[in-house]
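Same chain, two partners: chain A is paired with chain B first, then with chain C.
So, the complex of A and B:
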């Protein structure tokens, strides 16, 4: 079976731009959830988020791209540039038809869309941007990446709420198995504008606690919902043969297992997260004992935390494996969250350290999970399991391993 | 033994009638169902026409709760999904739910509902700070289209891989291609797939207005979409849904299912050219066709019918005509080509699935639906576009293609399966 290795990682996270800055901040437990600055949140009950600071799109992208892109597309394009650069891929290194682009989306370019909706309804149809037709739709990032880098292989966009970041990487691996050499994959997401905010508030999943240190507390007895963030990760995924054509290419790690499942609406049925994890392990041909860390979905919603803890305990036994949720530092990144977790898992392997879960002080004892709290744990990490869930019933699991 | 993905059930909501029978009647008679938009007052807009479905959710059996909660596109998916399930004859409650997946295509998701709620919350765009007190409880379901996959998964009881595939106007082809991949790789035995779209709201109409992609033949809406005709002046929007039950071949055979056909080959390409434009040479669509044919172990000369994208823009007509010639060579000139958008409009992320279903029915009935409104062929489009009237033909291999904003080009090869029952 064709193997899939990660050779480039582009990260835009509330606590760091680029894999180095992100990893340093994440290992040190630097939380970046703060009062919202991107819009006036005074009239909304949720007032905090993880915003990507210091991102000036105009420094990275040509001016002509700015009027036609939402913030999340700009993050994606810059993240893709970084991933390709890190992987040492130059144009013409790889035939353009051998490169796939597979991204995840949740709500498209929502801020762009709000602006155009406002123009339409307040000023009139003639004021709507000619770019609205594509700047807000879910497929935009794949299309823009393809144009920017001249890739003419397969393209796709997967939407499975917050599980999508993992699913996109799973689908990218599928494309490698179908014959492409390299895939640009993952997700970067942002929906920090008033029109998105009322939707987030309506989801019933946001924490009503506006203290950045007390709002998003997965597995804690005070869990009260989550906090939104923006950003994510775009990765270069390729076959080892393709990577070997560029001598000196750094291989961060390998994607060895993936599966996705769905939760039945019937309460009598068991939630599908455990099954996704088991299927991903089976796909990897690995035993649970070979997993050194679990990057949890960490919903921060008591019943979902409980279900996840039960899934982890069911596979690894009580306190059977270190569990961590670095997303406690950034908030949940929607289509970007799963891919950033996969990137974190890969960096964990590459740098032999498990980043901590922050702010959690009182994990629910009955969960019986070994939550990595407050401080990173240093030591060899050979393989990691990444879990992700999306509202509506989506479950995804990915196994990453050191490349040998 | 490699696993093969076959279609064993179909369900349709389309302009011109609800259900697969009504849909086929429209296609086979070459009638059009495009008209002046009735869903809202379209008089301020440049293009005021669409293919609208006469869809009454009460008559289609949706509960008041479902009608309140679900965007129209999700309502379509549930109704078409139920028809497809019944048509397949699968006893879904007898299957392992973990082996059932869902892959649903949509280009613009729940935009119609989002726009409706935006108007209220922003007081018709007066305020950037949308008022939270007007937010409906299910606003978040409109926010992300994966909620529609959830709804369809609930309808069929799926607990396997579930997702939305959203690649603009190729979503309806790509979602089915994705579903076929899930079956072939062994991740599922049955995948309920297809595409749904109910995009007829001002913001979507304006999107196409401002880039002048849509037709302005507002005085003659029933003939406005004219692919391959030299008088064409753009696309006509549409709405609709097709849901397809895709099943692993041996699984279908074991229960003696009727098999419409096989998804024998599928490929998608990015054109890396322009977010809304198409290069006239059609290289990437041709690449997709070649790969899909290769995967289907078919030669170009096996193709008995091409279901075109046929959106009604000159750019598209030249693009796909070039692609067909590039891939099929001389055989392109002998192959009937037709476009259903001339009859039902362009329902964005749904149309690819509606075209798949229409193509499967062409197998069943031995009849190729025509390209409607094609009276004055464009001399630059010199293939056999089956103008106006359906044509009898025994077809065993169909090629269906799509192009979408973002540069997506997709091709699927559908083959008739021998010994397929009924």
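So, the complex of A and C:
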């Protein structure tokens, strides 16, 4: 079976730009949930978020791209550039039909869409940007990446909220098995604008606590919802044979297992997360005892935390595996979060360390999970399981392993 | 309303599609096809929308399809302005 290795990682996270800065901050537990600065939150009850700081699109992208891109597309394009550079890939070195682009998004270009719709209402249709025709679509990041790098292989977009960040990488792996050499894949989301905020507040899932240290507490007795963040990760995924064509290429890790399930609407049926994890392990040909850490979906909503804890306990036994949720530092990044968790799992393997879950002080004892709290755990990590759930019943699981 | 000049058009082009180094102030681009300047059909649609707002002259989609260079676009806009 064709193997799939990660050779480049581009990260835009509230606590770090680029894999090195992100990893340093994450291992140190640097939380980045703060009062919102991107728009005036005075009229909204939710007032905190994880914002990507210090990103100046004009320093990284040519002027021609700015009028036609939302913030989340700019993060995606720059993240892709970083991933390619890290992997030492010049897309022109590879036949254009041998490169796939598979991304995930949850909200599309919301901020761009809000601005143009406001022009439509206040000034009239002739004031709406022609670029509105694509800039706010979920699919735009895949299109813009392929245009920028001249790729003509398979292109696809997955929309399954947080699970999508995992699903995109799973689908990219499928494309490698179908014969492409390399895939640019991952997810990036940003919806920190008033129009999006109305939707976030209406979801019923946001924490009403505006204390950044007490708002998003997955698996804690005081769990009360989550905090929104922006960002994500884009990766270069390729076959080992493709990577070997560039001597000295660093291989961060291998994607060895993936599965997704969908929850039944029947309340009597158990949620599909456990089955997704079991199927991903089976896909990897691995036993649960070989997994050194679980990167949890960590919804921060008591009934969802309970379901996830039961799934983990059901597979690994009580306190059977370290569980962590570095997204407690950034907030939930939707599709970006799934991809960033996969990137974090790969960096855990590469750097032999498990990043901590921050702010959680009182995990629910009945959950019986070994939550990595407050401080990183250093030591060999050979394999990790990443879990992600998307609102509406999506469950995805991915197994990553050291490459050997 | 005074006529649209090539330098005025350059400003509109940059505003519509974003500035890059494909042309500079003073450079003669009158007969350089828009495609060579990096302007695809959407960038041109955005350009004529800006012209409509500033000069009140509209360029229809079918007319736009036949316009390939800045000279042709200026002729269309200034012809309508004079009419």
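Note that in this section the second predicted complex is superposed on the first by the 403 of 404 C-alpha atoms of A that agree within 3 Å, B and C clash if a C-alpha of one lies under 4 Å from a C-alpha of the other, contacts with A are read in each partner's own complex, and residues count from 1 in each chain.
Here is the rule we go by: a residue touches a chain if its C-beta (ideal position, glycine included) is under 8 Å from a C-beta of that chain, and two chains touch if they have at least 3 such contacts.
What you are looking at is a predicted structure, and each value in this text was computed from that prediction instead of being measured.
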{"item": "Superposed partners chain B and chain C on chain A - clash or fit", "value": "fit"}
{"item": "Partner chain in contact with A:45 - chain B first, chain C second, else both or neither", "value": "first"}
{"item": "First (chain B), second (chain C), both or neither touched by A:156", "value": "first"}
{"item": "First (chain B), second (chain C), both or neither touched by A:189", "value": "neither"}
{"item": "Which of chain B and chain C A:119 touches, first, second, both or neither", "value": "first"}
{"item": "Which superposed partner A:203 touches (first chain B, second chain C, both, neither)", "value": "first"}
{"item": "First, second, both or neither for A:133, with chain B first and chain C second", "value": "both"}
{"item": "Dominant toucher of chain A (residue count), chain B or chain C", "value": "B"}
{"item": "From chain A, separation angle of chain B and chain C (C-alpha centres, steps of 10 degrees)", "value": "60"}
{"item": "First (chain B), second (chain C), both or neither touched by A:238", "value": "neither"}
{"item": "Nearest-approach distance, in Å, of chain C Cα atoms to those of chain B in the combined model", "value": "5"}
{"item": "Those residues of chain A which chain B touches in one complex and chain C touches in the other", "value": "68, 126, 129-131, 133"}
{"item": "Touching residues (chain side chain A, partner chain C) in the complex", "value": "62-68, 126-127, 129-131, 133"}
{"item": "List of chain C residues in touch with chain A within their complex", "value": "14, 16-20, 38, 42-43, 45-46, 49, 52-53"}
{"item": "Residues of chain A touching chain B in the complex", "value": "39-40, 43-45, 68, 96-97, 101, 105-107, 110, 113-114, 116-126, 128-134, 137-140, 142-144, 146-147, 149-161, 164, 167, 171, 174, 177-178, 191, 194-204, 259-265, 269, 272, 275, 390-394"}
{"item": "Residue ranges of chain B in contact with chain A within the complex", "value": "44-46, 97-98, 101-102, 107-109, 115, 118-119, 121-122, 124-126, 128-132, 134-147, 149-150, 153-154, 157-168, 171, 174, 178, 181, 185, 187, 202-203, 206-211, 213, 267-276, 283-284, 287, 404-408"}
